[in-house]
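What follows is chain A paired twice: with chain B in the first complex and chain C in the second.
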Partner chain A sequence: MEAVVTAVFEVLNFGAIMVLVVLGLGVIAGMMGIFNFAHGEFVLLGAYTVYLFHTWTLPIWLGMLAAPAVVAAVAVVLERLVIRRFYAAPVIAMLGTYALGLAIRESVRGLIGGLYRAVPEPLPGSFDIGAIHIAKWRLAIVVITVLVMVGSYLLLTRTGFGLRVRAALENPSLARASGISTNRIYAATFAFGAALAGLAGALVVPVFSLSADLGIRFLIQGFLAVMLGGVGSFEGSVIGAGVIGIMSAALPWAVAPVLADVLVFVIAVVLVRIWPRGLTAGRTV
Partner chain B sequence: MTRRSFLGSAAWMSGAIAAGAQSWTIRPAWGAASGPIKVGIATDLTGAIGYAGNANANIAKLAMKEINAKGGILGRPIELYIEDTASAEATAVANVRKLIQRDKVDVVFGGITSSMRNAIKDVIVTRGRTLYIYPQLYEGKECTPYIFCTGPTPAQQCDEFIPWLMKNGGKRFALPSANYVWPHVLNQYARKVIEGNGGEVIFEEYYPLDQVEYSATVNKIMTNKVDVVFNTVIPPGVGPFFKQLYEAGFTKRGGRLSCVYYDENTLNINAPHEIEGLASCLDYFRAVTKDEPGSARIQAEYDKQFPGNIVFAAGSAATGMYRGLRLWEAAVKEARSVDRDAVAKALDHAKISEGPGGPAEMVPGKRHCKMRMYTAVAKQGTYDIVARSKGLVDPKEC
Partner chain C sequence: MARAQWWRPSPGTIVAALEVLLLSVFALLPLALQHFWVIFVTRVLILALLALSFDLVWGFAGIMSFGQALFFGAAGYVVALLARDAGVTSVFVVLPAALAVGLALAFLVASFLLLGRNPPSLTFVALGTLTGSYAGDRLARGWYYLGGQNGIPSIPPMTAGPVQITEGVAYYYLALAFLIAVYAACRFLVGSQFGLALAGIRINEARMAFFGYHVQLLKAVVFSVAGAVAGIAGGLYAFHEGFVWPNMLGVILSTQIVLYTLFGGVGTLIGAVIGVIAIEIVSFVLADAYPTVWPVILGVLLLVIILFRPSGLISLFVPRRTRVGVFGLTARRPRRIPGEVDGAA
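Our next item is the complex of A and B:
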């Protein structure tokens, strides 16, 4: 019984982490049609911001609040300088973002000496119920993920900004003709996606420790999640990430871990084969 | 881009490539009529294990300075040729070839991972006809002629350590491991020692190298009442794994965490309280300097010359690098030549009285190195030495 509760919580927790990390990737891929290969490094930058606050002996939670803003600011600069030149050529954009990611990753590697650095969680300790131990910070991650998910959904579906974003996505020329600055909208969307990545990095760094390869670890699974869910929809990336995250955490309970790793990909590929446009194709914002 | 500027940058690029953007030559301060002795260092200066490679290059420079300050070897100074193996085997092979073909070095030191050693050894030893000294702790079984290993082997890391773990932990072992060659081979040996001493292996399980979620493993450890976790999971997985173990209450319950590659670098992966009591067994810890004057001198010299992020630690092959350089120096002096066969013959029984962790000597005919071994326990973010080998421990290889 205790094992079941623990298992369910841990699996849920990893699912939430996956959703958090993939959310920004999904927003940028879905709204702008760009697969951002620097997404992992935006996650890393968020984590690094928290680490900086920790080394300056400022409160960790302050770093977590600052991280999305810092990463969004970096993203705006990169969008203005580099990304916006590639909107017409998505494949080149992929290479461009890959190069940006590489530059960010290796810079951070230099800054932290290529080592792993522990960052404490703002909420240490755990809730202990008998033999069940639920770490407070892991629970907080699940709660924050749900809040961020709902918040982003409302932002995209219920606000004027969301409406303009979707308009710019559906029909850029009509949007421009209607007086919407698609240029500015794209910059804002890119910054928003990056802010989500920064937040994800900030929240997960106490769990995984800071290292230059923190973000790249999630990149492949992240793309798989976006494809599985269906490119071009917000719910798609959430569901895709949830499925991938839960599978990668749950399968090792049932089969040999080395096999589980492969199985996640096999199952995902089969699902994409059955629903080529993703699990949520045609049924979403 | 104009045609002219393209040609200009292309010319610059090809110039950079020809000179070797990843090569460094450290020249001695003085010369000799017969020229310097050329020492090749092939190590991972960049990439995932760049921190380790830079420590190797640093300690090699330090050893070179020491040797040259005492008049060099056979009246000749030594000159270092450093090549980046870049944590990538394909790049490494090309760069090591430069050491052999362009620089014509007399000996090559380096490689950190076993896959790197396997990638470059043929270039050095078989086709290059050069002596190769491999400095890292590893799974053993490297018995190719002209390759000498100066880091600890499974026997050196297990023979005294596992009985200590049984006394200070318990008899029920779990072997969670990353799925590559070192853990597989090390575990075979560890299992033999565990069972030979009346212990029991509850499970031995392998994980993908980038797995970061270990709840299933932690649950197995907790429900099976494992006493000792003998870990060979590596970064990035090891941090989250230890954290989840801590959160599940493994150490609070009296469980003993152990990991034989854990040194001063890896201590930072987790918060100190999460790995309090973690035991490791290596040829050197910084704590050894308290009562080992030779180690203290090397450590102090290193800290003076290379302050900053890149520390001198056993898990990154830096101790084996120093030991190897001094053993090779002794061998060249005895052989009175840098000829490969003559040096190999002398290196076969070379000894040094001072090195990181203490004296060391090669085991004749085995091309592996006897050395002192230390067991240390993590205490609030540093190591305490809790046991040390009586004399030099036999590598039991080849």
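Our next item is the complex of A and C:
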């Protein structure tokens, strides 16, 4: 019983982290048709911000609040300078964002000296219910993810800004003709997606500790999650992330870990090949 | 104008001149270099072979492959296993085996990703091949039989009958011979009717399908051929280094090859070779002097090239139009509106 609850919580926890990463990736992919290879580096930048706050002996939670803002600011600058030029060419965008990510990743690697840096959890300790131990911070990650998810959903469906975003997504020419500045919407969306990545990085850094390759491990799983859920839909990203996250956390319990790791990718690619438009195909926000 | 245009070489002549120049430089290079540098240049030649395989799929057929390292590394692992467990090191066995592995694996991947009822989107193929490469890397890292993280060390040297081909001048010429042979074959291929059909697919896939070409099949064929080339490169690399390790399969190498080719110039073959040589040499010199800053500079440099010189270094010498199948089309690419989810891009 205890083992099952612990396992379920582990699965839930990893799924939550995936959802945070994938939401940003999915918003950018759906909106601009860009598969952002630098997304993992946005996660890394978020984590690095928290680490900086830690070295300045400021409270960790303050760093976590600042991280999305910092990453969003960086993203706005990058969008204006670089990403904007890639809108017409999806493949060139992949290469360009990869080069961008390389530059960011190696800069951070130089700054932290190529080592693993530990950051303490802002909420140490765990809830103990009988023999079940649930780390407070891991529970907090799940709660925050749910809040962010609901917040993003409300932002997209219940506000004027969300309406304009959806208009620009659905029919860019018509949106422009109706007086919506799609350029600004794209910049804002890109920053929003990056902020989500930054938040994800900030939240997971106490769990995984900071290293330059922190972001990469989420990137490919993130892409698969976006495609699996269906490009260009909010629910799709959530569902895709959930499926991938749960699969990669749960499969090692069923088959040998070596195989499980690879099996997740194979299953995901096969599913996308069968349903090219994703699980949610069309039925979306 | 005072200077009449008394001699303006055609782009084809310039490319041919570049090829002859590179060929003669590489043929004579070992005479002038120390042992250490011969080994370094051999490595560059083998990577150039891998870059050629990528140029074949992306530069000519327009299939984005982020997974060329998968075929490279898989072939490397297979020949390493042959040498370790079966004691087979003969060049006449291991290199054909490497080729076969690359070909078979690439055909498998292609038949899953490219063939079938619904033709895949460009981005799906790109991400699918990327995933393949990543999965291969993870598998090799976790599998004890393949040596896990450490890979397979101390592969015995390659043999040709009683003679050992060790790293150095002999191996250099072996690699060069393969590079020249593969280059010549690729050149013939892309100039043939098959190559023109590929260029047609790259420019306008739907129209080629209406002409009656089996578009998906042609793509699968060229993808498999490129996989075979990557396989040969992997076999050569494994014996040259004397060990194989998971990074040979991984995403980093796959992406590096893509970027190096882009840097040199896609769709020209010679551009791929030039790109690899240029970056490997600069990287070797600078990585020593500035080990932490260099990767950052490399990233920025590649970004600048992608943004401002999309046709690469080669476009300094020859106009873009020389690329097979481009003709007068460059200026009139249909503009894609951002936000539209791409079908065939």
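As a convention for this text, the second predicted complex is superposed on the first by the 283 of 285 C-alpha atoms of A that agree within 3 Å, B and C clash if a C-alpha of one lies under 4 Å from a C-alpha of the other, contacts with A are read in each partner's own complex, and residues count from 1 in each chain.
One rule holds for everything that comes next: a contact is a pair of C-beta atoms (placed from the backbone, for glycine too) under 8 Å apart; a residue touches a chain by one contact, two chains touch by 3 or more.
Bear in mind that the values here come from a model prediction, so they are computed numbers and not experimental data.
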item	value
Clash-or-fit label for the pair chain B, chain C on chain A	clash
Contact breadth on chain A, by residue count: chain C or chain B	C
Which of chain B and chain C A:R109 touches, first, second, both or neither	both
First, second, both or neither for A:M31, with chain B first and chain C second	second
First, second, both or neither for A:A249, with chain B first and chain C second	first
Touched partner set for A:V258, first chain B, second chain C, both or neither	both
Contacts of A:D213 with chain B and chain C, given as first, second, both or neither	first
Stretch of chain B, among 63-71, 99-107, 153-161 or 189-197, that runs into chain C once the two complexes are superposed	99-107
Touching both chain B and chain C, residues of chain A	109, 257-258, 261
Complex interface listing, chain C residues touching chain A	64, 66, 112-113, 116, 118, 120-124, 126-128, 130-132, 134-135, 138-139, 142-143, 251, 255, 258-259, 262, 292-293, 295-296, 298-300, 302-303, 306-307, 310, 335-342, 345
Complex interface listing, chain A residues touching chain C	30-33, 35, 82, 85, 87-92, 94-96, 98-104, 106-107, 109-110, 168-169, 171-173, 182, 186, 216, 220, 223-224, 227, 231-232, 257-258, 261-262, 265-266, 268-269, 272-273, 276
Touch list for chain A against partner chain B, complex	3, 6-7, 10-11, 14, 109, 112-118, 120, 126, 133, 135, 138, 207-209, 211, 213-214, 217, 248-249, 252-253, 256-258, 261
Chain A partner contacts - residues on chain B that touch it in the complex	48-51, 54, 179, 205-208, 210-213, 215-217, 219, 223, 235-236, 239-240, 243-244, 247-249, 265-266, 268-271, 274, 308-310
